[in-house]
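Below is one structure, written out as structure tokens, with a few remarks after it.
Chain naming follows the written order as A, B, C and D, and within any one chain the residues start at number 1.
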Amino acid sequence: MSANYSPSEMMTIAAARALKNDDVCFVGIGAPSAACNLARLTHAQDIVLIYESGTIDTKPNVLPLSIGDGELCETALFTVSVPEMFRYWLQGGRITTGFLGGAQIDKFANLNTTVVGSYEKPKVRLPGGGGAPEIATSCGQIFITMNHSKRAFVEKLDFITSLGHGKGGDDRKKYGVTTAGPTKVITDLCVLEPDPKTKEMMVASLHPGVTREQVIEATGWAIKFFDKIAEMPPPTDKELKVLRELHARTKAAHGEAA
Amino acid sequence: MAVVQKLAEAIEANLHDGDTVAMEGFTHLIPFASGHEIIRQKRKGLTLIRMTPDLIYDQLIGMGAAVKMVFSWGGNPGVGSLHRFRDAYENGWPNKIEIEEHSHAAMANAYDAGAAGLPFAMFKGYRGAELPRVNPNIKEIKCPFTGELLSAVPAVKLDVAFIHAQKADRDGNVLLEGIVGVQKEAVLAAKRSVVTVEEIVDDFGPRSPNAVILPHWTVTSIVKVPGGAHPSYAHGYYTRDNAFYKQWDTIARDRESFSAWIDEHVMRKGPDAFAAFAKRAV
Amino acid sequence: MAVVQKLAEAIEANLHDGDTVAMEGFTHLIPFASGHEIIRQKRKGLTLIRMTPDLIYDQLIGMGAAVKMVFSWGGNPGVGSLHRFRDAYENGWPNKIEIEEHSHAAMANAYDAGAAGLPFAMFKGYRGAELPRVNPNIKEIKCPFTGELLSAVPAVKLDVAFIHAQKADRDGNVLLEGIVGVQKEAVLAAKRSVVTVEEIVDDFGPRSPNAVILPHWTVTSIVKVPGGAHPSYAHGYYTRDNAFYKQWDTIARDRESFSAWIDEHVMRKGPDAFAAFAKRAV
Amino acid sequence: MSANYSPSEMMTIAAARALKNDDVCFVGIGAPSAACNLARLTHAQDIVLIYESGTIDTKPNVLPLSIGDGELCETALFTVSVPEMFRYWLQGGRITTGFLGGAQIDKFANLNTTVVGSYEKPKVRLPGGGGAPEIATSCGQIFITMNHSKRAFVEKLDFITSLGHGKGGDDRKKYGVTTAGPTKVITDLCVLEPDPKTKEMMVASLHPGVTREQVIEATGWAIKFFDKIAEMPPPTDKELKVLRELHARTKAAHGEAA
């Protein structure tokens, strides 16, 4: 085990560990992409990775900068059009686990990636939802990766870009949604999971060395903890090695391309 | 029936001020050469439709070509904001632009519906999401058999579609390969289409019977512009210039450096300049 | 996750009396070997869905496997009637069958909707045609933007899809090429799927990035049956036995010659018999 | 010019002549397929032929027995799935001319290929509509080829499989249909075209040697003639040669396949 790792590496590794060998993942750029490929290169070598650019069962050697880098297509089993991706594969219910992130999250894991401030007169105009609104409802379950801060973990979203557990309980069903929704929020401090009944996201495990106070301090709502909190095992040497090699290859590839 | 033209002629003949257009390519095969020619020809009042506006629309918006943008994800992929888009939308520079915002699923379905000659698209979408509150072009319809509620958006209908592809043949058929995005749909949803290509060949040669092809009678104009997708890429020809995408963040962050970049790399150049990027092929 | 099995095991495990099934293949890649095995296993009460019932359903219906057929064109292509279907429908031999009749466009859209997880399909269809009068599963919906009326039919939802394909690889992925019909849609619209293939290879090797593939986690069972599409055909392997399609008209015209043919060519044979047809490859 | 040709050959040749070099045709099996390929091999070499099996811009060397023979795919520019064929290509309005035929036709060129007798208790159960209902309304115009007989050319259809000119006049518009509909019915005796106003199909030309009486006799309604009737020029030697070679190649190919 290595003591020298960053909180961001711990977040990626915790997300990778949550993935199973038979998962079919709808992968986003950034931490999700790193986590999914780390899982593929360690304990889940048969995991199927799908990017919304249409690339199915892809095995990139370097992480893509964009959702449609050539690497994804070149290493994919096959590539479909974007309408087919969203119609047959996502809406068709063929994905077990989708990844999302956002600028803001609330206690029911609803997400905002649209605006800070009002929609009509935003303080900050963010990129928008992209695939998120339908990823959130069509995948079997959702994993969310985000850095933990009061600015991001808020009492009330400025805009609901994608549905988490709505107002809690079985609120998803009201919208005709039958999938599980967010089952894990993986941050650089801890992992949140929904209370089975209220669906409020609560701390299920802390990363090594992280205190409850740190989490409380970094959360914009009165965050709750499960009765039994596990401590996330630190990254193994292998996990760190594979992740760092992946990032090094990526950095070299993207720099050289200029 | 496709004609082979120079890029300036193709834009001149097919694009008019006020048109509704799409320049598509999902990360791959983005028609930057056409975008630059449109800037040089100073078109105004365009409604720009694209799932991911990317740098191509950031450049057009920064040069005042657009009055409206229809989109589903408006960032610089893996990098951050589209500063020229934000400056136009938040501060009205160089002019105000209106936005119509959808999700990817909505736009992918809307392109599909446009290609299929349908007036609208339906999908399981926006459930529990807030966009329908602010976009009147998102409605509901009910399944006449099960009563299930589905989302509906208008089909994409274009005056002109611009795409970039790997190859055209002498008959004017166009071959696309790799991440094909919504380009076929965009062309089929358009009255006119301008297709820039890496090369024009006598015959496509041996290929999958199920290759992605736009036949000649669906294409208006074909222009050979090697490298014409740079800094995006052409599968089998050259790779994405990820470093340039990162540099764009600095270039576009302020108005002066943006204007200087456009002046040097667009206004003082022509489509032949793209050939330099094609040569960097791997 | 696909498993490789013997044909008898695959049918035994996946198909139950009373199931709703499709055995698809638009002229090409029709899964005759699976059809014959279903006859041998004496399944009953099936609802058979297929755009063009072809000889495969004529054989199943003649052997009493079906209680209902959903279809859009019920003939022997280029030859004439499906005599066993007509005998069942018109005279109740060997049992009565119910029909649900659509157009090709309706069924193609219904498969597409099934694959897309939608409850129904919409299309510009049946305008001025009489089928909506006699088929209650054809309804109308109105575009919420333009008011245009469109036809609606329920999505195809299957217990089991049967298809034949050129190749599977060791991971259980399936490659189709040529006239791909609605096979991909049928498998994606089904709870379970049985795919017979000409061969199982280590790796598909060099191919178009946009090849038509059904990945392993969408397929239940894979069975190697060379020649398994005969008298239909497999692009790249063997051609359609057009002469047999013509002969079928005589074979199926009366009950005795039909029963004798089935006894000799189906009941007393197994899937290995199809290999003889694969060998006639051109 | 050759005097030795059959009425069926004249029908096919008359249909071929009606096709133009820039037509994009949705081709049916039988006479339409022969006519379209004859046109391609004579005066219209750039004509685009599409078969509903998904084969686009196909140039078969022999005529297909079925709509999806391998020959069609092997000689096609490309082949799409059947849903794409009906959605993007037919419904998308990409076809100029569609071919239809049927067991019964009425004076407004509505067609029946479904049943003789009642739908519920048919005297003869025909194959059904297949692509016809949407071909009839989505193609720019429709050509119909049928052998001329009282049994086929009827006062009233037993079932309306596909729309022609409905009840005449601008009846198609009532159904939201904006395409021209049947502009020619090409039989083994003559060519019918719609009256510009009533849309009733009337005789526009007679095949060589065919009399008005023959046509009247073979038609189940009181058929009308345009004021000026042309005589269809007989087949040229070239047309007959190309057509017969096509049929000979076809016969050889289909026989040998057994």
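We adopt the following convention: a residue touches a chain if its C-beta (ideal position, glycine included) is under 8 Å from a C-beta of that chain, and two chains touch if they have at least 3 such contacts.
This is a predicted model, so every value here is computed, not measured.
Going only between touching chains, how few steps reach chain D from chain A?
The distance in steps between these two chains is 2.
Using the touch rule from the top, work out which pair, A-C or C-D, shares more C-beta pairs.
C-D
For chain B versus chain D, what separation do you get between their C-alpha means, in angstrom?
Computed from C-alpha means, the inter-chain centre distance equals 40 Å.
Could you put a whole-Å number on the gap between the CA centroids of chain C and chain D?
28
Which chain C residues reach two or more other chains?
Residues 112, 117-118, 123-124, 148, 178, 180, 184-185, 209-212, 235 of chain C each touch two or more of the other chains.
Residues of chain D that touch two or more other chains: which are they?
Residues 73-74, 79, 87, 91, 138 of chain D touch two or more partner chains.
Let me make sure I understand the interfaces: which chain pairs count as touching?
A-B, A-C, B-C, B-D, C-D
Using the touch definition up top, name the residues of chain C that touch chain B in the complex.
117-120, 122-124, 137, 139-141, 143-146, 148, 150, 152, 154, 177-178, 180, 207-212, 235
Chain A touches which residues of chain B in the complex?
26-28, 51-52, 71-75, 77-79, 81-82, 86, 89-90, 101, 103-105, 108-109, 111-112, 123-131, 134, 148-149, 178-182, 184-185, 212, 233, 235, 239-247
In their shared complex, at which residues does chain A touch chain C?
Touching chain C: residues 22, 24, 48, 56-57, 73-74, 76-80, 87-88, 91-94, 138 of chain A.
What part of chain A is in contact with chain B in the complex they form?
29-30, 52-55, 64-70, 72-74, 79, 81-83, 85-87, 90-91, 110, 114, 119-120, 122, 125-134, 136-138, 159-163, 166, 171-172, 175-177, 253-255, 257-258
For the complex, which residues does chain C have touching chain A?
So the residues of chain C in touch with chain A come to 1, 112, 115-118, 173, 184-185, 188, 209-213, 215, 217-218.
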